[in-house]
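These are the structures in question, set out in turn.
Both complexes below contain chain A, partnered by chain B and then by chain C.
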Partner chain A sequence: MNNPLRSPDIVWRVEKRRQAEVLKALEAGEDVDDSGTVILLQSGMMHQLNLVGGLIWQQCDGQQTLAAIAAELAREFSVEQEEVESDVDEFVTDLKERGWLING
Partner chain B sequence: MGLDLLDTPVRLTWDFPDDATCQASTCLPAIADSIADGGVFFVTLQGSPLLHPAIEEVLELLGGGCQLLISCRGSAKELERLKQLPLAGCQILLDVSDFIDNNHGVATDRLHAVVVALRQLAVKPVVTLTPLRNNLSNIPELLRFCSEHQIAKLKLPNAHIGDSFQGYLTADLPRWQDLEDFRKIWLDFMENPCQLPTLEIHDLFLWEIMTPGQQQSRGEYGGCQAGNSLSHVDIKGVVHPCAAWPQALGKLPDQSLEDIWSGSERMVVREQISKVAAGCHGCRDLDICFGGCRGLAFHLNRSGEERDLMCSGPR
Partner chain C sequence: MAEVTEMFSAPLTFNWTLSYRCNFVCEHCYSRDEECPELAIQDIKRVVDILVEQQVPFINFGGGEPLIRKDLYEVAEYASKRGLNVSMNTNGWLLDEVAAQRLKDVGFKSVGISIDSSEASVHDAFRNMPGSYEKAVRGLDALRKVGLKSTMSSVISRINYQAFRELLDLAREHGVNQVYLHNFKCSGRGLKNREELDLTPAEWQAFYLEALAVKHQTDDLTISFDDPVIASLPEYQEKTMVKGSSCGKLSLHLRPNGDITPCGFIPVVVGNILKEDFEKIWFDSPVLKAMRAKEATGKCAGCSAFDDCQGGCTARAFATTGDFNQPDPHCWK
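Up next, the complex of A and B:
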């Protein structure tokens, strides 16, 4: 299987309060690309993912295909699946290169 | 992307002083519960946690979700306690400060006996030493000990001062002049070095001397994390921005970590950190150190315009 799976070497959590604030800002039309909603630690280094990245990350349980993740993201943001497929693919590829995601 | 304000800390130190305050404190399980509820990833029990009667309950409460690092000073009582505790997944930090004497160096025979005793318990300790004025010169000897004993990691944390300086006197803390002396000692050591363990060095100026040419490895460092990803809790549950920032932000278990982290006191601390220290303006290396240890600098180096105690001045 090539479904993306979060590396077991990474500890992570959703910043719930932060995520609620970011969703509110998004509804108000603000740019939230640089606002983190998920933090993760790998080899002692802390990183954060923005709203879209965080939502994709949460879906990467090894069970979901890229298409299923894109469908969920499209539903969340009320857009067509085709609009987000390349973003999902690019994001997952980047995180696999970093070793944060592995093949499930 | 810099790190935003987090909901709760990610790393937390919890102090267990070896005195009557520690023994008398009965609310430790409730504090442990609050820490676990806060979603903290790493909890370091520092001081003498193994001597506390509630340690087993604390480990049980924290062990489910947090990675635990437990300080041990190598006493016979602690080693005996270690035999009885469920330590799966815990990291033991062997604090070697009691094994170092400025006049006689590292007590290698005694330390060797402790390392052997820990290994017999299947414990692979991380050696830790808080750098102070009177022990900086012993670091090379300690590194040789680590090399000879296949110790995988040496940790040199910043002094934890809490509310009451926890036994460290301000005069004990190293200043930039001490670091200049250490630089010479380090260069001598590096002429005939040993196999170095992994080094975890909290002070950026000490790190700079001991790991030259590795600035890229701190490329993602975004500055002081006190009151954001870092926190410190004292034995009574009082929460501080970090172990080197003597200011109370709230109290566990009366308040949750999440409530404390959304409180105004915490925001004031982050506001202070976001301002460039007066003594750092114009420094070419500011985007590497970001002012260093802001807690110690803010509280102890006002005459140096709040520069890191180990920084000699803007470059």
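Up next, the complex of A and C:
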């Protein structure tokens, strides 16, 4: 199976307050690409994912195919699936290279 | 840097004292003179539920001696099944292979054992407990045997600061790959015995310079320090998640009755986890706010290291002066 799965070595959480604020900012038309909403902890280091990355991350439970993840993301942002497919692909490939995602 | 509560909606770690009871009376211990009613198992589980709801990822049991509470296993199993990453610190006295296997079975991620000297007689005398060195080392071996990650903790003081390399070797011999060289806290018995045990500021500086040099040359062991004053050394290059003490920012401490203090060494209660709304405590407590935004006072005012060091360890400053904002008494500047 090639469905992306979060590495069990990573501890993570959604920062709900920040996510709510970022969603508000997004609605107001602000650029939120650099605002972290999910924190990942790995051997004492912290990394952050932005809204889009965080939403993809939360779906990487090993059960969803890349297409299913893209479809869900498209639904969240009310856009066509094709528009987000390459973003999802790129994000997952990058995180697999870092070892944060593995093949589920 | 963004405010702590903007970054974190809850701490990452709760250091949890289930009981102040202990089978030892160590010279440096902060908790021998503490007394506190303990929660019943149902209430402890309620605390776990709150931590899960608040998305606190790590709990670390300390004490007192965690293995003294017979229901530690039940608590840990409940917590780890609910997704928390559970660890603890023990003196190792009760940690035989059967106990180690049980700890593994109930989901512990790692277990830390306190060893203060690689010489049995020195450790035993410091811990006021003949035979404690042997049992602590046996504990490390038991953990290795059952395949549970072990760490070693040593509180640096006069008895061991010149022999820390031997402590690292001891860790290596017993399959430990992470060693914590803790700073001496001067609370509780540590404060009473401070004159005998604590190093002078100049000795602390020399110790940290040496220990950092060893750390930079070591790749088979992770050597960790928890002393914020170390950040004032240019040789210290670690990227930390917050500046200064991590207490009240990344971690909080729970007392046996559910009272929350910023850390185990600061006896100031900021609320009770079962009686008050946790978010209110985390976001609004005036004590936590003061600790997160320390004001450079005394020699810290104008110190070029203040940005990184934040006045050093808040607990030590508070224990010796009663004021969070005073410079850490270990500071060598």
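Observations
The rule we apply is simple: the second predicted complex is superposed on the first by the 104 of 104 C-alpha atoms of A that agree within 3 Å, B and C clash if a C-alpha of one lies under 4 Å from a C-alpha of the other, contacts with A are read in each partner's own complex, and residues count from 1 in each chain.
As a convention for this text, contacts are C-beta pairs under 8 Å (C-beta built on N, C-alpha and C of every residue); 3 or more make two chains touch, one makes a residue touch a chain.
Quick caveat: nothing in here was measured; it's all calculated off a predicted structure.
Legend: residue contacts after superposition of the two complexes on their common chain; A:Asp34 is shown touching chain B, with no touch to chain C. Within the superposed three-chain model, A:His47 lies in touch with chain B and out of touch with chain C [touch as defined at top].
In the overlay built on the shared chain, the residue A:Glu15 is in contact with chain B and with chain C. Chain A residues 11, 13, 15-18, 39, 41, 45-46 lie at the interface with chain B in one structure and with chain C in the other. Those residues of chain B lying in contact with chain A across their complex are 1, 3-7, 10, 39, 41, 67, 220, 229, 258, 262. Chain contact summary for the complex, chain C toward chain A: residues 6-9, 12, 55, 57-58, 85, 224, 239, 241.
Of all the residues in chain A, the ones that touch chain C in their complex are 11-18, 39, 41, 44-46. Within the complex, the chain A residues that touch chain B are 11, 13, 15-18, 34-36, 39, 41, 45-48, 50.
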